[in-house]
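Below you'll find a set of structures to go through.
Both complexes below contain chain A, partnered by chain B and then by chain C.
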Partner chain A sequence: MTSPTTPPLTPPLTPPLTPPLTRTRPGRATTALRRTAAGVGNLWLLALVLVLWEVYGRVSESLFVPPISRILENFGDVWLGGPASQLFLSDLFWSEVTTSLSRFARGWGLAVVVGIACGVVLGRSPVIAQMYGPVVRFFAAIPNTVLLPIAVQIFGVASNMNVFLIFLGSVWVVMINTADGVAGVDPMWLRSARSLRVPRWVLYARVIVPAAAPQILAGLRVSLGIGLILMVISELYATTEGLGFQIVVAQSSFRYLDMWSAFVLIGLIGIVLNLAFGRIETRLLRWQRRTGLDAL
Partner chain B sequence: MNVVVDRVRKSYGRGAEAREVLTETSLTVRSQEFVSIVGPSGCGKSTLLMMMAGLLKPSSGEIRLGDEPVTGPPAGLSVVFQDYSRSLFPWMSVRRNLTTALTASRLGKEEQRSRVEHALESVGLAGKGEMYPWQMSGGMQQRVAIARALVTEPTVMLMDEPFAAVDAQTRADLEDLVLRVRHEYDVTVAFVTHDIDESVYMADRIVVLAANPGRIAADLTVDLPRPRDQVETKLDARFAKLRSEVFRLVMRPDTPASA
Partner chain C sequence: MSARHASPLRRRLAVVGLLGLGVSTTLAACGSSSDDKAGADGGTLRVTTLGLCNEVVYWAQEKGLFADHGVEVELVKSTGGAAALTALQSGDIDLAFANPFSTMLAIDQGLDLKWIATAYETTTVEADAANAMVVAKDAGISDAAGLNGKTIGVNEVGGINQIASSQWMKLEGGDPSSVKFVALPFNELASAVASGKVAAAQVPAQNVDPELGLVSLGDPYVVAGEGSSLVFAGYVATGKEAKAKEKDLKAFQDALIETNEAFNDPANDDERFKLASAQCKQDPAVLKTLPENIYEARVDTGALERMGEILVGQDRLDDPPSPDDFVPSYVTTK
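Take a look at the complex of A and B:
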């Protein structure tokens, strides 16, 4: 189902009464209010789905689709309820989430390092890009889950298999975006750096990579999603612990409540990681608001 | 240090596409001198300046800084580009922009810090080191660009239409600023502009370029007293005379002088 177009949340700005040069900025309070309004506006569809789910779950009494309220109750029982020293999170939460996230961190972290390094090389050298570009595009085009049997074959059912799969699935999009970003760096900045006679490492670390950061970060954001999906999928397929494993076990023993609450947890982890990434991204790219006081 | 342009030619493109932008040109900017290079848009001013900066290779001929042939950006030479938003690094604070310019000179931390402070003070931006270029007006950003050029304590500073993008009031301030720091840092300046008043007001000597193909149309000495003053200097009869002379050369380079 495609989501219906969201209705206009705020009335269009009334034309400024002051001369056009002095752009009027809404006050802090209005902005906060508007943001809340926008947030509520975006949530209404979710709320509708949840209500329908709840109703369906109660009416149908299906074992497979329990009402939301019971899923949340179960979520509290299984994942929360630990002592304050564990931030009120259960033992199971800590053991499973740490297992999964540490696989994710290793695989994705490696993908980020390797992807950016190789991407910079590809972006700087048209010759190398021409030689290896097709290879990169080939791997990037392979559906990531196809690699799963290969990964299992190589590593067996061990954590390294999950790490490898996460790495292999997310490295290409980082590499391609970095290469594009680096190749597209404004030549005026390069000329400026050249006239400052900066050493090579300064050129790369302080000029080229930051200048390409908008695209690099766009690639990282996509790879973050891919990495999370592969984290769960690889755990569904072959492993003995982790969040995906919890889902498989719950499903195969008909504990559908546990299965659904594991889904909720994975969704929440995804949201938290994306929000955190968004914050870092905005902070790193503050300079892109290059309009600023420039026009004055 | 002298900057010598020795029988330099420049064409862009190859073979049948080749277009000569600068015919064989020779020019010496003497030590401590302030030379304006003025000419109509597209006559090759930037091309000439970028070759002097070692950022562009001449098609033939040689550029020398002192006795050393220039084959790449030389030490002791700084450039201020026209487009500050694309030459300053917006992801760095002002201070970091300046220390980045110092990475090649391998100075101690303390020396770096004091050079940066001094340069910022010289351009009237003391205490603004933690700001980011995008938080500043165009005039302030160009001040940062000048500070970044000065922080290496260069012997030669090349400026390519540095004030083309700022308003008249700011422009006058920046002109006087450059005339001041030029003495403070004892720097030789080649200053490209298309603004005729500016070329006369700033310089000891004016090199007028003509277009199609680019060449030197005239080389005039400016005998106006220093220090220059935005009001007094521009009222001087010699200013008016030079101004109209340059104007004639720029607008109608092929007509003979009307005595």
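Take a look at the complex of A and C:
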């Protein structure tokens, strides 16, 4: 007896034309290669500008805009070349850069503390915001460089003058951003926190400040750049040391290579500070990336 | 593929192309600005001034002396000698009002500059001093050595006043390498000494105000000159302009020489102080009492040589420019 043959309900399985889409982890070498390629891809504009700068410097033979290769050579002579115990940095680097960065750290650090503290008060109290908001906006609009002679009269020829100017230039943007961030905290979160009867300090430390953190950090990042600019500008006048002072000395002696290599150093300091701040920002705001603000 | 959906590669290439074109155009524009401006000046000499009360060019302009000598002059305000020398390189101006020290330092760095005319010389007599190193009366500083390790105010770091003050200290037994120089505006220097913000300052002699409790330790320029005058300021052109505009520049100096004859004639004092008063908004009666430098347009090449040696002595340059190269042959010398 033979069983009746029935046509199969499904067509016979044929090997797929393409391999199945399976996610395979790229190897470490591939990842590193991709990152390098991405890094190179991101730097093409910088490379282009440097090449054009080099060409212009060589063709024009201008003393005021020397080729970038000569600037970098001078940079090595002036700011590097120290012994290993000095991390291969020159004596001038250690004397001038530490002076400037010390002023910056004190001025900007004070601006962060005062700016966040006052910003929280302004953001939490509509009455105080109404009273002092215009004052804050007024001072924020004043170009701080014009206060340089006044700062000299108050503080004299001393580092406190530089610290004061860096503070005064940086504090307003921190304050305004903090106030806006705090004022914009979702009232529902505040009601929820109060219904849980959390203590006042916990409300600020665990709800208000974290919720306003993205805007506070945005303000800090902007103020970082302002502080660096004021660090240099405040040293152009009524000082006897620092990076800005070195630029003035180079300019008055027509040593444009020295002036440009100081610019390069200030730019590098700016990049390093921004990178460091970016790392801190990423760490502080990792909850936001993971869950989103709405999920707070 | 439609234009609206261009590939990322194509978009990136387009951006690179546009940026490259933009940067090249900008650089080309920067590079050509100097020649374009120099050519567009025609017969007019653009000369910088600092807006000082006693600049002789105002008199020459007012009295038509430049026109009498066949040269048209346009006066342009400048913030200082170094800025003027920089503007000179860009072709914006033809003559920079600058001092010999800055000019020689600029030449040492490779700028091609020529000294066309002097504006002022310094006095050799302390009684006629136009400048002073001031200290507070009660500071207990009586000589240059007393300033060792202190901070001295000057109007410009690395400028002529710092160089003269350093030389004064060196010749008077002080140690200039132990001193810190700080830049403050002229009008704040005396008050900075009086309030103790700086130990001393190099100021115009009229700023030695006894009511502020200030005393002078002497005129650094008188000491630095060592019995001879120094050149305090003058007019500088680029080597290229000095050659191309020889006739105009010679006429400019001749007009200044004639101006100085009038300036040095006491009969013209009332008129020149009235003119100076209009320039710098000061009372002519006050201007009459102020000490002045010597008005001299002819170039003292010996003084320039001595000033070069001062720069060498202070390790600011190794090989000062020779007056033969620095001063064109058509310039009238003393």
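Everything below uses one rule, namely that the second predicted complex is superposed on the first by the 248 of 296 C-alpha atoms of A that agree within 3 Å, B and C clash if a C-alpha of one lies under 4 Å from a C-alpha of the other, contacts with A are read in each partner's own complex, and residues count from 1 in each chain.
Basically, a residue touches a chain if its C-beta (ideal position, glycine included) is under 8 Å from a C-beta of that chain, and two chains touch if they have at least 3 such contacts.
Just so we're clear, the structure is a prediction, and the values are computed from it rather than from any experiment.
When both complexes are overlaid on chain A, the residue A:Leu48 reaches chain C alone and has no touch with chain B.
In the superposition on chain A, contact of A:Pro149 is made with chain C only, not with chain B. Of the two partner chains placed by superposition, only chain B is touched by A:Arg194; chain C is not. Touch criterion met: A:Asp186 reaches chain B, while chain C stays clear of it.
Contacts of A:Ser60 after superposition: chain C is touched, whereas chain B is not reached. Of the two partner chains, chain B is the only one that A:Val207 touches; chain C does not reach it.
Of the two partner chains placed by superposition, only chain B is touched by A:Trp287; chain C is not.
Of the two partner chains placed around the shared chain by superposition, neither chain B nor chain C is touched by A:Ala84. Applying the stated touch rule to the two superposed structures, the chain B and chain C interfaces on chain A have no residue in common. For chain C in complex with chain A, the touching residues are 16, 19-20, 23-24, 27, 30-31, 82, 85-86, 89, 102, 105-106, 108-111, 151, 153, 156-159, 180-185, 188, 192, 195-198, 316.
Within the complex formed with chain C, the residues of chain A that make contact are 44-45, 48-49, 52, 56, 59-60, 62-64, 149, 152-153, 156-157, 237-241, 245, 248-249, 251-256. Chain contact summary for the complex, chain B toward chain A: residues 53-55, 72-73, 75, 78-79, 81, 83, 85-92, 100-101, 103-104, 132-138, 141, 148.
Here chain A touches chain B in the complex through residues 186, 188-189, 191-192, 194-199, 202, 206-207, 210-211, 213, 286-294, 296, going by the rule given at the top.
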